[in-house]
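Next come two complexes built around chain A: one with chain B, the other with chain C.
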Partner chain A sequence: MSKDFSVHVEHVTRVEGHGNIILDVKNGKIEKLQWNVVEAPRFFEAMLRGQHYNELRPITSRICGICSIGHSLASLKATEDALGVKITSQTATLRRLAIHAENMQSHILHIGYLVVPDLFGAGSVFSLLGKHTDTVLKVVKLHRLANEMSDLICGRTIHPIRLVVGGFSLQPTEKQLIQLKKRLLEAQELTMELAPVILSVAGNLPSFTRETEYIGLTSDEEYSLYEGDIASTDTGRHPNYREYKEIMQEYIVPHSTAKYAKHARESYMVGALARFNLNSRQLHPVAQDIASLFKLKAINYNPFMNTIAQLAEFAHSIQDSISLIDILVDQGIKQEKPVKPAKKAGRGVGIVEVPRGILVHDYTLNSQGYCTKANCIIPTNQNHANIQKDMEKLVPEIINRPEKEIELTLEMLVRAYDPCISCSTHYLDVSFK
Partner chain B sequence: MKQKPRVAVFDFADCEGCELEIADLEEEILDLIEIADIVSFREVMKEHSDSYDIAIVEGSIMRPMDEKRLRSIRSRAKILIALGACATMGGVNKIRNQWMPDEVKNEVYGTANLKGNELFDVFQTKALNEVVPVDYYIYGCPIDRDEFKSVITAIALGKKPDIPRYPVCVECKKNENICQFELGAFCLGPITRAGCKAICPTHNSPCEGCRGLIKKADTECVKEVLERYKLSYEDIRRRCTMYNYGRKECSYDE
Partner chain C sequence: MKKKIAVIGLGNPLRRDDAIGILLLQYLSQNKKKLSKTIDFIDGGTSGLNLLHLLGDYETVLLLDAVDFKGSTGEIKKFTVDEIKNQKIQLFLSTHEPDFLTVYALLKELDRAPTRLVIFGVQPKDISYGTRVSQEICSFLPTLQKQILEEIQSMTKSL
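The block that comes next holds the complex of A and B.
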């Protein structure tokens, strides 16, 4: 069938930030197909110049409201790497809890509020009320718990306060942690009740595959989020973290205010599905059960399954948080003062896994401890090229379907990546390829 | 009963954290739906309408194309509310105003030819009221959820919202915190507008000034704090660069 039509989605909804989808078809042939990021650039790296090392964390937290804990942790790791700060094991454990809290908060928001409405054929979580109130309330309860866990560990979910260079400005008490553990155990039950509901509509996730490269952190010790080596499903492990630019090769396209990235192929993917594809054997058994329930197995090349990988990670984060709390309670939680820097000048690189994938902060500090150069590599930037390549394979496969369906499928594809567009337009120092 | 006001939420250059604070109201959003209809909120809903009474706008204005969109929102809305530090005062986005746009672009894009590309056509960061009139302000980075609820409720009921004109120190003392100056930190609490429940000092971190400066006259109540640490209003103002770059003393009508 040859036909003419256009799909122009201005400002895709239920994603963080502003992105457009443009598809023009003439005589059944694709004339133009573009994923455009139109968010205003914010120039964070330029703004960091001249800032004292204690200010870098609070400023970069403001790159993104959803992953402000992740940005804070990458920022602290980079600053501490530059200043030779060795954090205590209690700080490392609390930071792992912080990252789990954010992963849970962000994942359940994405699964429950942003993706599930599509699977039920609804426009938003509000229109799910009434018919599916019970499911919505479960999601709300889990989301609230994740937020309150972030509040407890970090002082606040959005733009954390307690995370400082060298440690924490304040630590939770043993009593608060024991209370949190109780609630996490309840959350695990709720998650097991929620999974079958999502499974019942998971058939509406498009069955689309495209082979690509997956990049994330990996570690021998654990399902890597806070620490690990950079790894790729194509090229294996890359232990020299300071050479991250060799893996994450960023470039500019004129129709987007966010940068694109590539490595071994023309695009790669980061995020929950990438982590799952690299490290699924290290997930907690409960999380593995959820993955099998949805027949999610590594390596999976369907980007729409990212949401299911998030659900598995959500369960993993609950379980691992419970274990971390046990460790803290066994050892006795102490009110520790932050570790002081050993020196002032240097370059430091901090890499963590945040909900949307691998995140890098890289700072150079002068002898007074002020930043002279900064670079941040954002998960969503690394996914833009992969979204574009997915669209290029997906559209010909569905081109004969009704326009509304094509439009919805493309929107669902963008949403599956859980893009964080404010983050990705923070802007960087650029080299043209 | 009077018809419920129609509310739309929009965003410009920012982190969307303040909108997320709204989403984080969780089931309390249902109370808000009792008094107002949410007709557009791109971050969490696909439904959209161009017919609204109240526009809640987040983010700073960076480009002519953003100005155009903001003007069009202003022309449709009876009431425009600026949400969060980026919208009310420019927020962290104004840190870059110490350099000219071309210099920042150069640092960021190198020699890339971006001439004529409207996506990259940035001017110096503006708060909303540097482009259009703003009716109400909800301060903070991020906003405080309780304050958001009380301001929106007041506006929806046609009342004037109550925004504090006293410094963060007042709330900090109420929380019985040890003064950050006493702990050796430099805190912007004495000259920053309260309303955040002094959340940062309560978590043992100094205030960064995200809710904007209050007038010098309104710092009278913390005179003794300033005297004890030999600080003047101006001394603290000079350190107010993360959120209040290039800002003069605030006017409460703004």
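The block that comes next holds the complex of A and C.
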């Protein structure tokens, strides 16, 4: 079929940032197809230079409004790696709870407020609320729990304050943890009620596949979020975490101001689907049941299934949090003081899994404990090239469909990655009546 | 049951003048003895939809934020959501995560909106990346702090 049309989606709605989809078709042939990210250079690394190590965590927690716990933990791990700080097992357990809280917070936000409206053909969560009130209320309840869990463990719903170099400034009490466990058990029931609702419309997830590389953390001990080795579905495990640049090879493209990344192929994917593809056997059985319900099996090459991987991870985070709380309560939670640094200078690398994928912070500190060099590799930047390559395969497969459908499918693809672009300001531009 | 009053500062200290809401919040929090005991001080940062439950948990919410209303740098404007003309457009062109207008609209749909929501918007000059506010905002800061403290004292003394 020969036709001319253009799809120009500027500032994809319901995605945290500025991303443009540009598609120009002439006589049925694609003339231009770009995933174009128009963000100002962020200069985070420059902002960290000259700062004392105690300031690095609070600054980086402001990089992203959704992944502020993840940035905090990557920052603390990098600082502690540089300064020879060995945290206690209680701190490690509490940090795992913190990362679960953020994973749950971000995943339910993405699933419930951004993707489910697409699957129901509702356009937005507002339209969905009118027709599927019960579903939205379940999402709102789960979201509230995740927020409260962040608040309890980290001292705030977002931009945490209790996470400090060497530990926590304040730990939750046993009573608070037992209360949280009760809420998590209720949340598990709600999740199991929500899953079939999403399954009922999961047929609207486009059946598209493109083989690509998946990169994330992996560990023999657990479904890796807080700790692990860098791993790739193409090249296996890479234990030397300080050499992360050999895996995450960042580069610049002319049509985008954000950095792109590649490794063994032209592009790779990070995030829930990457983690699932690498580590699904370590998910809690309840999470594996959810994956089976949606016929999600590793390796799955459909980026739209990222949302289903998030749903499975959501259930895993609930179950694993319950187990972690049991450990803390059994051992008796202690009000520990943060471990002091063994030295002041050095280079440290901190790597964690945040909702959108693997995140790296790399700092060099001088003998006074001030940062002289910093590097942050953000998950969304690692996914840009993969989004572009997905579009290049997807568009020829759907080019004969109505333009509106092509536009929506491309928007849904971008939303499946849950990109965080210029995730930094909410600054309003208003005029008055 | 809802809690009484929240003063919520919004913005990002990594975007220069966008930090103004947080800076004013910090000042009020440091001077909380001069204010009603029923006030909770909340750093909302750039939390977008994560604000949903914070906003919805209070009867009265006073928001401090950088707002471009085409005023002069450092000018402060007190307004309600109903006074905003272009709010519908903003809902769909918010810069990253949905802004508080989206959150507020969703709360209204959920019947959880605060009974009273007042926004104190300060006209910024520079919201580029950086940790320092512009010189202009810096020089206006003491006046803004005094003004906001008095406003909130007078608005909340009967609550």
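Here is the rule we go by: the second predicted complex is superposed on the first by the 422 of 433 C-alpha atoms of A that agree within 3 Å, B and C clash if a C-alpha of one lies under 4 Å from a C-alpha of the other, contacts with A are read in each partner's own complex, and residues count from 1 in each chain.
Keep in mind that, in the parts below, a contact is a pair of C-beta atoms (placed from the backbone, for glycine too) under 8 Å apart; a residue touches a chain by one contact, two chains touch by 3 or more.
All of these numbers come straight from a predicted model, not from anything done at the bench.
Of the two partner chains, chain B is the only one that A:V38 touches; chain C does not reach it. Applying the stated contact rule after C-alpha superposition, one finds that A:P117 touches chain B and leaves chain C untouched.
In the superposed model, A:A264 makes contact with neither chain B nor chain C.
In the superposition on chain A, no contact is made by A:V253 with either chain B or chain C.
Once chain A of one complex is fitted onto chain A of the other, the partner contacts of A:A298 are absent, as it touches neither chain B nor chain C. In the superposition on chain A, the residues of chain A contacting both chain B and chain C are 11, 13-14, 16-18, 40-43, 47, 59, 62-66, 68, 109, 113, 125-126, 137, 140, 143-144, 147, 156-159, 422-423, 427-432. If you check the complex, the residues on chain B that touch chain A are 11-21, 23-24, 26-27, 33, 38, 41-48, 59-60, 62-63, 66, 91-93, 95-96, 99, 103-105, 107-112, 114, 117, 119-120, 122, 141-142, 199-200, 203-205, 208, 242. Across the complex, chain A meets chain B through its residues 11, 13-18, 38-43, 45-47, 49, 55, 58-59, 62-66, 68, 109, 113-114, 117, 123-127, 137, 140, 143-144, 147, 155-159, 161-162, 164, 169-170, 252, 254-257, 422-423, 427-432. Those residues of chain A that touch chain C in the complex are listed here as 11, 13-14, 16-18, 40-44, 47, 59, 62-66, 68, 105, 109, 113, 125-126, 129, 136-137, 140, 143-144, 147-148, 156-159, 420-433. Residue ranges on chain C touching chain A, taken from their complex, read 10-15, 18, 43-50, 52-54, 65-70, 79, 83-87, 90, 92-101, 105-106, 109-110, 121, 124, 127-131.
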